[in-house]
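Below, each structure is written out as structure tokens.
Shared between the two complexes below is chain A, which has chain B as its partner in the first and chain C in the second.
Our next item is the complex of A and B:
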């Protein structure tokens, strides 16, 4: 029974955090930049989508079309399990937490592919192809960027990674890793500079072209939630997780996560939107060699930094 | 409490694994099949997590989900019918109900008898005399020029069973793919699109004739008999509209072959159109049966193969139960690797051997109980000597495909030199009329 309560708690935390991300987006990206409006807007939007009719296009693969949003949200909730909010405040702490997290990013793309394929439209199919091509090209830099903290902490457990950062955050001596991680995170979540898979302009929203109502709401929640999860994991990997003076751990963790999310959302606005071939060449020609370089640097620095190579 | 929860999760996961594995075999959509396999592997990964083997579970998900994803992607890009819609529609049109509707199953019952098309063809070849493409009333026993218009005469065949008014010219034997009727060839071989063996598109005369004693339910347009006379008058256009009113894609392609086989006179056009419509892309029941056998995902021997597999699986389980378990309480000691090796050798080897035996039994079953009902591959000579003879020598105009002659020469309409008919019939598949709607 404990397990079920824990799972529900993680889900509630995820949903509340997603609401926070939606508010943050409202403040930073969409406007108006008034706190009152920003707090109301996500709820109003959710209510609007809940009232909408749930349409399915003719000739759609019904089972895949209906199940895709649920798969997306389920996968995101599963990744949320390994995020440590505080010491021993974690849904599921396997010894390979980080690997589990990276692995579960690909089923998320599977759900997007299902949605794009099953809706019987060209936009969805193009979007499907792009999403799958991106999956292969961002998973490698993301994994390599995450290897830096793992090498320093000598553990794949997310809790252990946070604990080893008590003295010095990894961002101090792995800034390259952080940059690669954040770019890859924007990639994973199909956010602004890398949003051509879900392109609103050219593909009518791509995967979401034919979705409406509650299912679209589920998809939007899943997209915001996975952004939140990636930012939280960024805090775990590079910013010392719950570590901090005066305040209790979870508060620090939440503060850091939303600060990082805000900075990323704000900074991403200044990046130009990339064509998808440019995205792929950025991934393979720049991010991948840079992440290998990062691993080399971290390997050398681990030997010299006190407490780095425990 | 945790134990019960674990049991529930285990049961759910195993149920998912088995159901999705079965779904992979039974679905016709390749996308769904790939996805079902993925789901099955993910359920297995869930069981690994239950066993405490987290790393194995993560690797299982990473390898299989990524692999299946790429596989699905390539299937969607390359394969002809990744959604299985065409197969489903054929299935629907054949009105197959029950469990058989989940896969392309073997047609039931005995194969229909071979068509007497050989005799027909030979008879037709014997009684062939010569007529003008523009003036069908001109008849001569020998080839030559038409006394009215001076065109070269073409052979005319009389139909054997008294349908004297249905007169047809020996058509070149056209081979086509059962799945891609827009692929016409004048020689047997494999389809350039999907690699299936080509089947002969039946000569219109014998196809119309064979209609009465068909053994299988074939979606046909019986009304075409009444439309004979209209088709004769208005020719090609009426034929086209008549074709397109059917609800299967197959008819479109029938039209396609129609244009590629187009003959010079309205009369002949009507005949070929008639044949195509009548016999559902120009196949006799026998050929239709052969096509269904060729496309079947299962055979009538499938139950036997299943029984064989069940017996070997039972043997495997008995073997695993009967061999003594080694002590499982061994902790991580210096000797752990040795213990694992011994475990593998003593016990799991039986499992591996048994699985190999199972696979071998499956292969043997597939080979031994292969599709026996498949008709022997018919050589073009067998299919009709007269047809083969005439197909070798058909010449046509590059600009006027309706011009067909036995010998090279000049086109009576435009004066261009004629070319062998294969080229034009090949390009006929890509003609604008040929595209699927």
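Our next item is the complex of A and C:
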């Protein structure tokens, strides 16, 4: 019974958080003077999509096409379980929580590949190839960036990583790790400027080109939710998670997560969409060496920083 | 109630649709018709484009609505290439409006949900057009080529154009261009109309730059009539056309930055474009299309209005700052430098003029230099326009003269995409004996296969967008 309640609680938190991310995006897009529209748009858009026909193109792979948005949302929900919102507020806290989190990110990309592949269109196929290329290239730097906090905390437990930052947030002495993590997080969430698999006007919406109505809504929710989760994990790894003075832990956690998400979304506005080969070059030629350098630096620093290598 | 719309531009809606996309928080453009609940079609739609329009309409999930937008300039019955009734017949449930301004269209979009729903009974799907792949080479290790058909409804030109890209993965191996989707038969229409009516039809050659086309026609008439306009008149006409060029560059900038998905620069271009449109509406009591008439000694006007000129000065400063930003923006450079390079020599041979040629003469002819060249031209045009408008004096006006003696003349006016040329032959009658237009976008089309071969798929679209093709003008 407890498990069901817990699962529902996580889902509700995820949906509310996703709504918050959608509002934040609209606020950044429209400006604070149109805050009313920013608050209303996600709900109005969801209602519109719910009313729409759920179309499937001729020649599509029915099972993959129909299941892809559910897989995406399921994966996001599972990753949310290991995010600690407070000292005792976590879905479940396995000793390999961070490993579980990183591993579960791959099926999310696979669900997008299924969506692109199954729709029987060349635009979808091209987008699928792009998503497949990113799947390999983002995982390595993301994993390596996360190794820094793991080395410092000497634990893969997300809750433990937060607890070890009581004195000093890891961002203070692992800023390079944070930058690599955020860039890789933008990769995995297909966020601008790394969104060429979704492609916007370029390939008629990319992997989502043929989706309509409720299934498109599920994908939109999944995309916003995975971004929220990645930002939340960024707060866990580098900004002390729920730790902070005066306010309750969950409040601190939510504030930090949305602040980080806001900064990332705001900064991305200033960039054009990068070409897929530029994205891959950035990953393999810059982020990968930088993440190895980061691991080396963290290894050395843990010897000198008090509590760094507890 | 939000509106997610998919837009189809028959050739004359470039500025209107670009402005609409950022005008209201509840009205958003989407990339795929599957994501839309509203289809906006800017007429005219010719018979070649009609099947694609119907396919798009079928692709919309229900409930959906369709809005047929007819602009003032489009008196469709005049064009031999257009059958104005077939679109409404093929899209039952669609609603037609005449757009006088962005506000009219926006109001219609916001109330689109209250009208009848789009009701297409035919559910059969047509085969997607494609082209034959070259024979497969017998190699041990070779990837399979794919034909990607982009268009005819696509976001990187103003109006419809189909590109068949033969791709090896993300690499474009070769390309084929299919145009004619915005053909209306302007030259034939003008030859069938009287001189005065021809002046109105001339504006439709390039619906995004009607003044430049009109001025070419007016000057040709005046030359045939042997009338030389006073310097003041000439300068004011030039100023009006220069501001039209600026308007074109700024709205093109919005489209181009949207394609690159650069929100910041899109906003900057959008702000300047709307500010300029505001200035233009303040500047003249009567729109220039009225007062640019043959032998009209000018005008019913309010030139020298200091408020508008001050605003133009602000736009000028904004464009200068934007130009600096574009040149120094390293991320933008990453996407635009060294792609789609066109040599000045090949452009001259092809008869290309305007900002595209200038970019190759003064820069290295890539996408970035075309962007900078357009902004350079804009700065020059704004400076000249401000100077002329501040200095010009009021003259008296008299009626236009429509008697055209027999003769032949050629005239060139600098349009936003290059030189718009006109060859007119008169036999002294009520109608022109022969009309031939020189269309700057048309001469760029044959260059596309060469420029696209070897490019990345993503770059191919950026390159085509950088050429600022106006398909109505290209197809004629």
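The working rule: the second predicted complex is superposed on the first by the 305 of 310 C-alpha atoms of A that agree within 3 Å, B and C clash if a C-alpha of one lies under 4 Å from a C-alpha of the other, contacts with A are read in each partner's own complex, and residues count from 1 in each chain.
Just so it is clear, a contact is a pair of C-beta atoms (placed from the backbone, for glycine too) under 8 Å apart; a residue touches a chain by one contact, two chains touch by 3 or more.
Note that the structure is a prediction, hence the values are computed from the model and not measured.
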When chain B and chain C are modelled together on chain A, clash or fit: fit
Partner chain(s) touched by A:192 [first = chain B, second = chain C, both, neither]: second
Partner chain in contact with A:37 - chain B first, chain C second, else both or neither: second
First, second, both or neither for A:208, with chain B first and chain C second: second
For chain A as apex, the angle formed with chain B and chain C - C-alpha centres, to the nearest 10 degrees: 80
Chain B versus chain C as contact partner of A:52, first or second or both or neither: second
Chain B versus chain C as contact partner of A:281, first or second or both or neither: neither
Partner with the higher number of touched chain A residues, chain C or chain B: C
First (chain B), second (chain C), both or neither touched by A:129: both
First (chain B), second (chain C), both or neither touched by A:273: second
Minimum distance between Cα atoms of chain B and chain C in the superposition (Å): 6
Common interface positions of chain A, toward chain B and toward chain C: 125, 129
For the chain C and chain A complex, residues of the former touching the latter: 1-2, 4, 25-26, 30-32, 34-35, 37, 61-63, 125, 146-149, 154-156, 167, 169-170, 257-265, 331-332, 334-335, 456-459, 461
Partner chain A, residues of chain B touching it in the complex: 1-2, 5, 29, 31-32, 35, 38, 42, 49, 54-55, 58-59, 61-62, 65-66, 69-70, 72-73, 76-77, 83
Contact footprint of chain C on chain A as seen in their complex: 26, 29-30, 34, 37-38, 41, 44-45, 48, 51-55, 58, 122-123, 125-126, 129-130, 192-193, 195-196, 199-202, 204-205, 208-213, 216, 269-278
Chain A residues within the chain B interface of the complex: 1-4, 61, 63-64, 94-96, 99-100, 102-104, 106-107, 109-110, 113-114, 117, 125, 128-129, 132, 135-136
